[in-house]
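Dropping the structures in below, format is structure tokens.
What follows is a pair of complexes built around chain A, which joins chain B in one and chain C in the other.
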Partner chain A sequence: MATNLVRLLESSIRSNNAGVASRTLRVFSSQQQQSEQSVEDDEEFRVLNLRTVKQQARKRVIKKEVAPPPRTTHMPVDQDWTAVWSGPRSFHPASVPLPLRQGYTERGAAAPSKYANAELMKIPNFLHLTPPAIRQQCEAIKKFCTPWPKGLESEATWKAIFPVEVVTTDYCHSLPTIRHPEARRVTITLKLTDLKFDAHAKDKFLRLVGDRYNQETGVLTFVADRCPTRKQNYDYALYLLTACYHESFITEPWEDSKSEADMEVYLFERNKAKVSAEAILNWNATGEKQAPSATYADSVEKLINEGENEYNIAKYKEEVLKMLKIAI
Partner chain B sequence: MYLTRQLRQLPRSRLTRHIASGNGPHYTTAAPQPAAEHIEIPKRIERSPTDLLQALASTVGRDATAPHYKYHDDPFLIPMSNITKRTYALSKEAGRKAANWIKEEHRELFMHQEAQPPIEKFAPSMVFTEESEVDASSLQLLVSQGELKDAVLVYNLLVQKGIEVSDALKQSLLELVCFYNNEEPLPEEYIEERWFMQNSRRRERHGKTWKDGELAEKLYAAIEPKTPQSYAALIRGMAKYLQCERAYALLQEANEKRIQLDTNTYNAIIQIVSFIKDTAEQRWQMCTSLLNQMAEQQLKPNLGTLNAVLECISTFGNFKLARSSALKVLPEFKQLGIVPSLGSYYYLLIIFCRERAPVSHVIIDILNDINGKEFKVEHPKDTYFFATAMDVCRNHLHDKALAKRVDELLHTGNNYDLIGDSFKEGIYYRNYLALLCQTESIEDFMRTYDILVPNIYIPEPGIMEEILRAIEINGAVEHVPRIWSDMVIFDHTHRESLLLYVLRIMVDNRPNPELPAQQQLPEQCANVAWDMYNKIEESAKRIKKVSFTGQMLGDILTLLVRGNSSFDKATQVFTYIDKQQHRIPGTPADSALFEYVEASILNKAPSQALMALQYAVENNMETTPLAKRIYEGFTLSEVHLAKLKSLVGEGFLTK
Partner chain C sequence: MLQVLKSLRLTQPTRFASALSSTVTNTSSITADASSAVNSGEPDKLYSKLEIELRGIDPAVLKSYTWFATTAAEHLGIELGKCWSPRKAHHERMTLLKSVHIYKKHRVQYEIRTHFRYMNFHKLTGSTLDTFLEYIERNLPEGVALQAAKTELQQLPAHLQQPPEQV
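Take a look at the complex of A and B:
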């Protein structure tokens, strides 16, 4: 009973933290508890308090705000999803009413749910590009579109009527500047067959444009990026095209001095073979002179330009026999 | 476009433009030869840089479950009370302010300009000190930018250095100073601060704030000879900041000197007529004389004149005079072809719909007039219309259909921009919800409630009480759990009247288990009651304390007993009642104890039942039915029987 009383007192004293009462405690307490008390006293000796230090304000218990349930719980089933998720943003489980799961787990376990799931936040989502959203946006910007011109329904027609293609690129990027160095680049393409040439002009044109002409596809490409703005580059590309075209029709005086040694290809017309063939055909003939046939000329050119192969030789033989009217 | 134009000039070529599937626009030039038939290429439809964005934005509707887009869409960050709404929005703006401060404080770090084209706002602003080299052109620039403080500083420097400032420049500085009363205005980009600004701060109409004898008047004195513009600027400034007597005196001086003033200056004076004259008759007389002066000077009145005259009329104490003069003014302005703005209608509403005046249905005519129209802000008072109109609908006419029409008008086009600020929006929705919950059926009302609460409007405790009253009248106890969870989130749980109301509704409307919609209700009600019990116990530690009353605890007990699985909780509550019976004022209702005893019979807990009986005996309540029920319901053991007898005496069995 006595120990009980002591304990009761002790607890009340501790709670009151009153130094005065601790002396009265000693009167009642047993030996063992006295020693305990002295140990406690030793441990925290009192400090002489010269300047009164303000007691620290009690820590305020921060009231925790009640977080509402995720708003998916009160979304109606027939809601307008485009209003909920109107633009690109990273995934948020409280706004997406889908039971999504993603992530790696041990075999057999279900993938982690959408809450606190970094996997779902990492990947880009296309929740803002649902078919209805795209439909709505297309409807909204339709008023800025003009109808497709009549008479240009097939690709063949519009390629025939508008042979020159101009390609430029606009860039959308997140930098402080809205200018992009690549945006000034202008590419003009057209088919060589859409331009009209004679043989000399064509040859000269191809020499002028060099590797801007793709022999395999027959497409001519002008890329201009030397001027600072797109407009200037576009003008420059068109100027190049126009200038090359008109330049190719001009025959300079020095072009006539091209000798047989300067020729890139063998031409039947300006060679000895033609003279010889004519001499053979017109041997002893009077009156109208005979000319060697075009097919013969062709076969000779082929034989010399492409080299001797079985086909060319056979063809040549056939033509010679035909020309000399020798029957085998 | 320029490409098209360029190509048109090329000989032998025509151009069209189409969107190809590639990475950019393709332009093709036509060769004329195969174009046998004429191909018409449509002209490009002109659009401004933002037209496409606006078209796309128009496809996005309002999501009722989402907060306003200025807040984070996350349950922990969605504001759930008016205070948090304000705090979150303003702290976001405070971040912007801090960034601005850093930019100005460490200007040397922000001198580079990487943006192309340069963004002026990202560069630190120019600093002018006493030593700065200034000339008239820098003053010109500052005035055009509206930098009041710097402009004044530079002007003073110029005067010190004796540099000549042209009269035109002085005039524009005078206009700037008069407009802002030589006080730095709140920067334009702080939208949230404007939206949440305390109503008392924005109410300038308290008294004179004009700074007498300061810069504005010095500037005015420096302009020689006086031009009509300088008179106009000073008069308007004085009128705006309520230096009424001098403004009027200046007007008379200008008239004596035969100086032609403009309409807006007269408007400013008409606005302050109520400060110059005291009685309604004098005010009206002065108003008409000012209008006559305008007519003499052949000034054409505008919308500002109409609103100023109506404002003057709205201050008349004499109700009949106000009405008749308003009716005189309106047709005259209509003849002049002036279309009233929402501000004019606002004045009409406060002229016609007064508290101590006969009921007026002017709002119906107004709504017929402006139904489905889209408005732009034209007058400062335009933003007062919607809040006032809804107030009239609720307090003056009490008409649900009208309120709906006003709401429809608010949601037409961009009219929502004219709601004003958070304060006016709050008034608007407070009136709207209060009116609807009094007049609509509870189902319809809850539909509106779901749309508006909590993201657009959060009901104050007074409105919550109105809503609870509507629920009580309709006996729609099934909505109580929903309302209770809202009350917890909006922090209304420390209002004793609201708690009692919620309990009363749930106790009085015993859910009918036969209806499928109400099968879950007893459980839910028990949960609400238990939640409330815990909340009240917790609140004992707080400053805003709610204390239990016997009635309240009895209701909680009843609800817990009605829930099927909450008998343990009920026992806990009853133990609390029993132990604290000296602290709790009042006792639970008899019916609560009786239901508790019934439940203990069901749960076969005779000692709980006897405890209830003992409590009833100690508190002098009706005991006989309780004792009877206990005796009949249980097969009591010897001990229990002895206790029963000791509590009510032996005689009750024979009665």
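Take a look at the complex of A and C:
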């Protein structure tokens, strides 16, 4: 121990001297080195040295860096953690004052500690997103946020003013490209009841849109993804809606040739039932003609459109008895 | 963080101004028609729903990220909807011969497990949505993919509000 200390002192003196005096007093320094060497050589066997001191290859001392103690030992308890770990970074054991353990071991043994532990470095950590950090950052960006307008609290209230919903999708992933083929897709939905129609236009509109109308929910859905950009797809979807809506109000000349076989619902006005009812009502009448009542027409239509069920048949019976003025 | 703020500052001001003007109009008269308002400018958009789908290899990372996003939403005053994840991961399996050429009975199986997680946020204005989405996207950890489906509310276009007069 003592010899080591002496050596350390000597080496420090030597290095100091060499730094200060080597440039100015070369001769002196060489002499001094010789004298030092004599002191050093006392301990070991002296070898014959034919070369000059200068030519002698110096023994290279490999300096080993002394690792400082981990940072965690100096950390105060009430430090600002957001300043220590300010951004995303892979795990570093000397900066995290937590007794973490992670990894697989044989049964019964404790998991490896945090030092030189690859398991802890592999998984992305959230040490930069601690609750105080999130609060700080949210307070900083809160000024860019605006509150939801008053009066639009429930879905019913905003549906009345904003009936159209446009669904678009953004993607954030780690592919080499930032493009995503699905990002161009635009979906427009609205209720059929939000559009105003007459009977002919509604029928024609539903025929034009086809599958885009959901009979059960009454929702129209237009999906566009054929154009390369989202803007183009949005414009195209709106164009489709507009074109279908305006086209449905056009009555083509060939639409008048729709025969009874083409009808999708039974209409009292167009059928034999009306003629027969009128014939019975106006039997042998000479003055103005009597027309069957609207309730009778309704009951006949329901009977044929909805099918023969107990209620419809009873209603029909009642209407017939009323029309023919038969009292039971 | 500083970087986030800086970039936010760079991108946001115009949007922010327009958002302010639109909220003023929105609160005064519910219709978000900014043309009649004093502050001329682009009216802010309204989003009824923001649905976020996360997919990743590690369920623990997804869980932590969900916690982060929901906490941030809470601080920003965004209404939180349903947050859920399916119980089982998607397994994409590939079965190969173990040897190069023959021995058909001996195979190896490789698989990729993808875990999913969903979050819903309701009633966001355009500026809130942009701020929030950028914030959580910038803090997305490695190996996690995010899909954000935005439901924007719009008025019926003027040419669809009334039936066409002459066709």
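The working rule: the second predicted complex is superposed on the first by the 180 of 328 C-alpha atoms of A that agree within 3 Å, B and C clash if a C-alpha of one lies under 4 Å from a C-alpha of the other, contacts with A are read in each partner's own complex, and residues count from 1 in each chain.
FYI, a contact is a pair of C-beta atoms (placed from the backbone, for glycine too) under 8 Å apart; a residue touches a chain by one contact, two chains touch by 3 or more.
Predicted model only: the values in this text are computed from it and were never measured.
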item	value
Touched partner set for A:A67, first chain B, second chain C, both or neither	first
Touched partner set for A:I161, first chain B, second chain C, both or neither	both
Which of chain B and chain C A:A201 touches, first, second, both or neither	second
Which superposed partner A:L129 touches (first chain B, second chain C, both, neither)	second
Which superposed partner A:F249 touches (first chain B, second chain C, both, neither)	second
Which of chain B and chain C A:P176 touches, first, second, both or neither	first
Partner chain in contact with A:G151 - chain B first, chain C second, else both or neither	both
Which superposed partner A:P88 touches (first chain B, second chain C, both, neither)	second
Partner chain in contact with A:Y236 - chain B first, chain C second, else both or neither	neither
Touching both chain B and chain C, residues of chain A	82, 86, 133, 136-137, 139-141, 143-152, 158, 161-170, 194, 238
Chain C-facing residues of chain A, complex	82, 86-88, 123-124, 126, 128-129, 131, 133-152, 155, 157-158, 161-174, 190, 194-198, 201, 238, 241-242, 245-246, 249-250
Chain A residues within the chain B interface of the complex	65-71, 74-75, 79-80, 82-84, 86, 92, 94-95, 133, 136-137, 139-141, 143-152, 158, 160-170, 176-179, 194, 231, 234-235, 238
List of chain B residues in touch with chain A within their complex	2-3, 6, 10, 13-16, 18, 20, 22-31, 34-35, 37, 39-45, 47, 51-52, 55-56, 58-63, 65-66, 73-76, 78, 80, 84, 114-117, 119, 450, 454, 488-489
In the complex with chain A, residue positions of chain C that touch it	1, 4-5, 8, 12, 15-16, 19-20, 22-23, 26-27, 30-32, 44, 46, 48, 58, 60-61, 64-65, 68, 71-72, 75-77, 79, 123-125, 127-128, 130-133, 135, 137, 139-157, 159-164, 167
